[in-house]
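Letters are used for the chains, namely A, B, C and D, taken in the order the chains are written, and counting of residues starts over at 1 for each.
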């Protein structure tokens, strides 16, 4: 039986806690949260106890920690958990500061512990199937990748203000998709953005709509478009053009009902938001974490992947801010 | 240059006239219609002259006639045109009376003239492609055929009253599809129907909604469903289940626009009605007619096909009226 | 805490056991199966104990039983569980014999216990959404229902021999869909069938392909087509034509990947079979059972529904065997 | 009767000639081509005569000319036709040199003749429907435009060498779509490209794959991706994200057949190439030209539109060559 502690009992913490509880041979022992009531409620739901960080890290029975607390706590918790020899699952991003993130990666390497970053999209059944088929050569060599990534609506301004900006907050997932799907590294980044959905976002120094272009070592091209608002829901698509064809990953729908009326033929909107869309992905990433931890196999989304996605986000933010193409040392 | 006369300058006559005019090496010489103004207008549009039936049949330069006049004139015109040695293209049905239709077929055989019945659906690009792929063995042996055939709205009651009933008027196309796609003959027919869209149709002694089941010599099954009204437009689909898969023929849309709004993801309704849906089919059946006429090759939709579809329509009407399964001598 | 026993630890028993275990406030106490090893394995997985039928029914702490054992045991278990005052969830069919099924329904009524039949399709998210939208009047009054129900492949001949025939075994679900969706009762049934996929099925006195037509009190029409084999997988669709439009329930796919290659644009096959396709439905029907049991609200799929579906299956079998239309007393 | 001359009897000249011949009240009088045999053949097909440029421009009965000859002849013919007071339909591009193109536009303005550039995509039923619905406000204010534009295969290298490069040759259509759909002008262009499908294209100093980003005065964003090769055929899609939803223009298919086999559910590839995909658009643009010419209403695709698309193509080529963002004076 593997004993596990979770840091953070908010929205994503609850998802992870339920998925931890569903793993055979794994037990959720502690729930830690600065908000005591949330911690207590989640602990009770899964037969766990409320814990403090020190207590958890000192408890030698705890083999793994899941970090689902606010972003500004990630780096500190990673460093301490690594020092305590715990296996680590950490929500993205590692940190908003690239150097701190690199320091975390270094600490993890030094400690030799398993550390996985929560890029759950790599575990989505549709995206994973596409990736496997691409690797199997079904469309030959990949040439271009187009990523569409739109939220149903913007988060509160308070969130945006401390989010690190749209490139680190929202596009970090898309940069990880880029690296994963093309299996290649960027040599240049061009990013532009606009504030089109809510002027308050501009006031907060951010944009809500972006267009990013990456070129890779092999000359492959990638375009990413994102928006904080899509009236029709959570839009998560990408497509790869290859030398022998194209693979597209489409949106998921809650049902397969089609209605034909006097005005149109209509089908369901996409799954509402990430909790619905990536339900299976969250479950499968957690299973992957515990399997990797037990087998010693490398995790699919390492802390190095987290650092590299952050590098791309920083480069994109620089490109947008300074209105220039940013070169990356290969 | 082949000189051609057309009988009937109504809606379908205009379609055929334009398609005749578009054939290389073919000239529309005469337009005949009891309504003089319509005849004159259509003749003028294509540089033809208004003619009378006797005149046309006596004109030895006329090699072919296209019969697009009202149903009750078909048999007489076929008999006279066959006697005059003209090649004949005749709109469905041959006649509402099976014996008269058989007499026409006999006369055509005796005269040895080309005679094609306007089952235009066999020339629709989608249906024809499906048929070719089925014949090529893509889904193995066909086992079941499902036909959905719905009009956007019912014709005027006056039309219904003289239509011969829904089985002869509307389902005759579906019976032809059945024979064509399964390449098999029916041994039993079961038909039922209801009047659900307009009580006046029941008063006229007819139904507006039908469900028909046919079984074939080889034990294949076919279900046909029809309605005089589909609020979303002209619904023309069929699917074949075979031992190795399924082939489906879907509706055509005017455009490929998809709109995602806050309520649904919507696409176009089907093409409005038969003139739009079967535009290409009407053009291609006319080309086929003149090719067959010139090459001497058999036409794809012979007068025998017209007679056999009518037999099935009669059997279905009997099954519905007498509430019993009707056996057909193989 | 509600204590529950399950009878049957086979394929469907395992599904139900996991869903019972996932209900808050419900505990799986006993697992019973004639095959001791299966019972022990399933009991251990959920922290339950192996039990005998007598023991379970005598245990006053057991409030509900779930019957997932072989069909020939259903009636006896229902009668005994009703007599013992237990709430009952029973897999379809109630029994292969209509009179025995009616006796069970009578016993359940007399005992006043909650009794739900496992027509899980009514709990499928797609089907349930369609049903709600139909009830909400989105397409006006329903006029025609088309049901396509095809298995990926036939079960072993030994299963078919004791299945009660395709109408009671396979179409019983479709008859329930018919009653549920049209909210109407049949006045006539016509069924025909063929043996097209495997001659051994004919030798067993059964067919593998059927075409059924039902008419209702209100004159609505329903066509059902079924096959024991669809090379492309489990095909579970239906569509309702109404006065103002059409609602279609389409197949579910494992992923939303689309591949465009030099030969075609391809998407996933449907979910493989019922365990995959109805995973959500099985979970949701079990939640419904315990909610109804606790609230006293009527279950959505009562034992009367089980009896009525069986009546239709018998009528269809008679129609097929005797080659006649079977009238049902309204 | 309007008499018309066509310059160019090649592939696109034949399309235009047939569409001219199909206009009511319009007669194709002359066909001019440096290749005498082609001119004669096309003239004969439509009952026209072979002509020389001088003869045509001197013939006062000729009211309009259609320029479908090679790109390097466009400017000269426009200037001479404008001077002769003829209405002009000219295939894109006006010229490969921006200054020459501007001189043509100036000459056309001075002469006051109707002049339309053959951006046929604006007349495609799908694209035009999308444009109308966008203008009607169906998705609110447009924010982002994504254009996918891929050919099934690259033209011969000899063509590429004299094409003016991929930005002027292929993307000029996409730049026109950008201006038309967003009804806005670009303030910056970023373009990058790679040679991924055929190294010989790089040797010719060109690329075969491009990624372009435009920003507009209003801050709208547009991404265009193009490739000279898509193994699955001619890929012509675009989508607009607006404040209230999204409109997508999808590919057209030759048929609506869907095949479900043991491996996948497959539908047709897109229409093969531009002659098939834009058949309706070519017919409708020619009708528009003659309507505008007769009514005096402005044409939808003016020579100024041709000049502006060329400006964007030049800016994109500069951006790609000099690896920098190019600003455009608004």
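Throughout what follows, a residue touches a chain if its C-beta (ideal position, glycine included) is under 8 Å from a C-beta of that chain, and two chains touch if they have at least 3 such contacts.
On a predicted model such as this, the values are computed, not experimentally measured, just so you know.
Student: Could you see whether C-D or B-D has the larger number of C-beta contact pairs?
Tutor: B-D
Student: Tell me which chain's centre, taken as the mean of its C-alpha atoms, is farthest from chain D.
Tutor: C
Student: Between chain B and chain D, what's the gap in Å when you average each chain's C-alpha atoms?
Tutor: Here chain B and chain D have centroids separated by 40 Å.
Student: Measure off the straight-line distance from the CA centroid of chain C to the CA centroid of chain D, and report it in whole Å.
Tutor: So the centroids are 58 Å from each other.
Student: Residues of chain C that touch two or more other chains: which are they?
Tutor: Expected reply: 139, 230-232, 244-246, 259-262.
Student: Please name which positions on chain D make contact with chain A in the complex.
Tutor: By the definition above, chain D touches chain A via 139-141, 143-144, 146, 148, 150, 188, 190, 192-197, 209-211, 213, 215, 219-223, 225, 227, 229-232, 235, 241-246, 323-325.
Student: In their shared complex, at which residues does chain C touch chain A?
Tutor: The contact residues of chain C facing chain A are 125-126, 129-130, 133, 138-139, 244-252, 254-262.
Student: Chain C touches which residues of chain D in the complex?
Tutor: Those residues of chain D that touch chain C are 230-233, 259-269.
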